[in-house]
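Structures follow.
After this come two complexes, each holding chain A, first together with chain B and then together with chain C.
Right, the complex of A and B next:
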């Protein structure tokens, strides 16, 4: 009898324990949260102040909203699936909390996709503004960093054609750049890893708004080059690919070369690329050896000549190497002009010559512009596509 | 008089030691600030240095079969000095259990429930440990087998999921660490995770085959050490230089896992791992202090002591640290010297026992 009572008591206690298990101490109901998908940092009118724009999702509108709202460019008129909240202040984290004056929902950052920084702000240094995005436990290191030529709040207000949310559109846009390899994809963790390095300079993709009449679209072009936390210049698309060749980030891309013995041009598509950086120090001269291996295919041809013979292919490979070499040299020249070690040459010297590096790192700014680079580019064409000779009328 | 009726097998002892070692450095990177990208190196050297100490503990346990640390102290140092030394050991066990409980509280509070007060988490966690300790060493040893398997599984899974994010250049240049930093790092690694196994001198009498204990303790140390090593290598390879400023590199590196946007946000795995590893660590320390006090005062049972000691440990955990970075500061500052005192004194005990030709 006593045993049975104990058993019943245990069951009752177990059931009572179910009640507190669900816990509601620091609960956040889904309908009291607003999901932030994009953050923009702009310079405000007052010196030292910034304007922070956060883009929050309006889940109810996601289903019904048309992909592109043509009647008005501004958000918040009831048909857009997003709401851009803007506020100015001195410190990013304080502004984020201040949003509660305007937003009835608590802003929720873990789903933030992109952090857009206005170019003018980046030129003044961004370390103090991005600290909250590194330190706060709601934000993530996967967030993409983008520098915008125009004001970030305008970029976040351009309704995209394919996506419903401008921020998601920008994030996907940046991630799709590996098709051309003309713009880098930089996560916050990559950015701060370069920022914490004494010599290696951070980079970020550049975006801008292009308008064609009333139609506005966001496009990615080139790379923003930083020195420590200040933006000092930019690389154009071609130079960007030169940079990506060096840092082993080329995933694809088209390169046009002229047909060596004939008319027209041939488009070669890069399928695979690999690079290796080896510094050599010999009696106070530093030489960076770069070995680049690229594989490509023939993607299109504008002439009528059959270029698939081994002789032709070999000369095409040569042309391709020359083109890659030009891209890298262009990137090197710009980086040297800006005196910003975006390639990580200093780091590679530290890895191989740690003792020499101790002296070098003090005067790296003087050493870097005079550094010599030896390029060894090896290209292979793997395929001519579905056809060999082009489809042209038969010759007599 | 047997305080503990349970008996554990030597393979269970292996897992208990492994889980115990995995406990403290799983989440909070202790030496990253000092040793930067060479933490893996000091993990190895710390492990190597801890094996001789572990041999001393085993030799002591085998010299006095069936006797725990408190009884050994009484025999070697005599009734009065022996009791003093034992009391100091109990204080040491209590405070380490308190510190470990703080880790749990702070991590859960910061990463999971920022608005929940730390004491709520600490008390709940201590309740589970108290329940386990009340049920005896056998229960603890059996759970540790399952838990250690889970820990190893999670570590391996996260390692493989992060392979594509790893950059081996983060370990370069190969050895650019000053000797001072290397010794300090090794010291921290030796004293904090590895040689804290001195508490197993309280458990050793209940291992069924005393002869095999040596093999199982060393094996447990190596399992624990290797899983810490994999963890450290993963963090350094993924995070690089940024791992030196992070409060918890493990959580931050696992946060970066993103497999086609489907397998993502896995940091809760690391926190789960922390919880179960800490459960083993706190429970063993807790068990050691409870059993020690019962032995010190010649009690017939240790069970009435479980709750009072538990409340002392909880109070210690709330009083000891207020934020995680402070904990790291302790671990790289006074902490290693504090624990080394207790970890090294069994060597002296063994020497005195040899000189006095004990046991007679």
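Right, the complex of A and C next:
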């Protein structure tokens, strides 16, 4: 009896000992972690070297820090709620580990919001730098990718007006772009998917620092166009929306059209948009059929003519279609000039004509500029807003 | 190990049992004498010099020559009955009546039949019976020259009135609650179920206390095996004292080492009646307002009497809320610990920053914080319950201020942890029957979460579920109606369907007579009623 009791006790003690042992495994208290919210990649002075900037949060300062701190500079002093740690090196993953020389807390990447790549670096190719952000188990695929005209560490040090953390500000800025659909929202997973596809070209929103006297702000403009992992060009805002029409990413935006009678302009807001891409291969010619459906409402009108009659609405719809067509054609032209398949035409052909694709894949660079696109744009005006006839002063 | 402890316990019990038997096999079974003085001496020997034992000798009969005595315990008897209905007829009324009829006064039967104007009179012939009767508030009539004694029902003692139960208050529904008096309690039940099938079987348990236990059930509803099993378990209790139904509960429960109780208790007659009507049996214990009902299923903890009195929509929502609250109360500190020490990536970014800001400078790991705060809360709760009400409130306020405000202000505990523990505390009171099991489960989960994170919580909950599924209460699976699944009984689980839709008694409990009511009882338009 005694023996059995002892045996059972031993087992219980063993089980209890397992508990603290496992505790060492991946356990980190909140106050031993530094949360990374933004990462910037810059070219360093030495060729081949990069400078990595990580923005970590100082949670204690978050509550007290004023949203705007003009005494910024190197960061980390004053009441900034963030600390930008910079290190240079050849390999991104090694730099990340090297941050432990400077930071007493372990850097924690899952809450990283944005990955900023300097344009100069992007032009040289970024594959070797972003590989670790995909491979590492702590970084997330949904981190936003942006390309910056200015140095990433400067962008990460522009104190925003509304947010306390520059990185969060940039992330929210990029995510808000669906109001205009003039800049894409690209996450790492989208970027990687395009990168790993042989023909589809990655894109990323472009940001830059604009200064108005002392006031520095970050703004989003246009799209960076890559060819493989190298930045080759950019699309302006209008062309960007043309691109987004094609890849079915338009969520909103304003389009101004002239009133048919010539009395002022009407601003139409896009409420709903949908596009469908169908490749057709016939006798070695490739035709991409694009069916685009858009719904809009009248948001403002500068003239005084009542445009609610069906005739007027129909002509406005026609104007809207024409405007969308122009945007898409502009985007197509730039993409063809850059010879960069940002629309994913190649991929759609692969899905529909896998056997033909095997041949096309090899000579896609030659084929792409000659691809013909047939646009079929169908627009509907849903409503005239809260009023129908325009608000005009009573005639005397 | 449990089996080992169990066998040890059984050994002790047997040893005690034998000893007790040896002590009691004295002269208790001996018969009464036909000499009054001898009887009184014998009784004096039994009772000793207790001040509440009254032995009043008197002469009675038409000649006033027959010697007799009554023995009773003051305080447990109603003196008005003794005076008016025992002594007065014997000493006074007897002289008014005709002499020839009442002359042979040495016959107890005649006294019983013609003189005593009391409802309950029994003959007794052994000292044991006399003593037992006396101890339960009866009056003993002894007479010179008779080997029999009369045990006359004169029970009457101070009782608390029927009051609103403190533990299970309701907004809608009967407000009466059981009292400490067994008779009052069974009466309250009988008034709910006016049915001759309602059987109230009594037995006395407790070598020293001789507490009356009463098993109540509806004869034609309850499975006979259940009653047999209850009686078997009750009869094997050979113990000193039964002071509360909790004693009985621990003697008869199926899983004595489980943190979950397999015997339900209630203070409300309507609730006990409802359970008896579902095919359960109730065990009343004299001296406590808490009545046990068996078998118990886990889902019972989430059901309240009021669920059935309020309309089904609200009742269902409240049931779901209770389930949610129970889940929160056992898991929230553990989830908090797991999230903050292992899975920081699962916390929304802005919330994480707020939490990190509060945890900044806190000297303890999250698990230690959770344990400290959890312990503090349990202590506060205990202090609030035990202390007299006015002081109890003071303790709560001081506790809330000191622990809540000062600890956070001093940076010893993070604010989110205080919030989590407060939420846990409130939620744990939503399901009163599982409050005790919940706090133990919570502690285990916190330790597991601190050691293994979310995996630990999953392990702990899985273990708890496996254990729950293995439990049985008097043959009924503890997790029924979910495991084994009985779709019909899901009508009264997390949701409650209207009363008219609950045709059947719970399948695992009321299977002896499954149908509760007619089908098609749904209120309908008169024209539709004609059709059917």
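Throughout what follows, the second predicted complex is superposed on the first by the 366 of 396 C-alpha atoms of A that agree within 3 Å, B and C clash if a C-alpha of one lies under 4 Å from a C-alpha of the other, contacts with A are read in each partner's own complex, and residues count from 1 in each chain.
The rule is simple: a residue touches a chain if its C-beta (ideal position, glycine included) is under 8 Å from a C-beta of that chain, and two chains touch if they have at least 3 such contacts.
Please read all numbers here as calculations on a predicted model, not as lab measurements.
When the two structures are aligned on the shared chain, A:108 is found in touch with chain C, with no touch to chain B.
When the shared chain is aligned, chain B comes close enough to touch A:141, but chain C does not. In the superposition on chain A, contact of A:352 is made with chain B only, not with chain C. Shared-chain residue A:255: touches no atom of chain B or chain C.
By the touch criterion stated above, A:201 is placed in contact with neither chain B nor chain C.
By the touch criterion stated above, A:4 is placed in contact with chain C alone, chain B being left untouched. Judged by the touch definition given at the top, the superposed model places A:36 against neither chain B nor chain C.
With both structures placed on the common chain, the touch criterion links A:189 to chain B but leaves chain C unconnected. Looking at the superposition, the partner that touches the larger set of chain A residues, chain B or chain C, turns out to be C.
On chain A, the surface patch touched by chain B in one complex and by chain C in the other comprises residues 26, 110, 140.
On chain A, the positions that touch chain C within their shared complex are 1, 4-5, 8-9, 12, 18-20, 22-23, 26-31, 33, 35, 37, 57, 59-60, 62-63, 108, 110-111, 113, 138, 140, 168.
Listed in rising order, the residues of chain C touching chain A in the complex are 1, 4, 340-342, 344-345, 349, 352-357, 359-362, 365-366, 447-448, 450-453. Interface residues of chain B facing chain A in the complex, by the touch rule stated above, are 110-111, 113-116, 120, 169, 172-173, 176, 239-242, 245, 252, 255-256, 258, 265.
Contact residues of chain A toward chain B in the complex are 25-26, 110, 137, 140-142, 189, 192-193, 196-197, 347, 350-352, 354.
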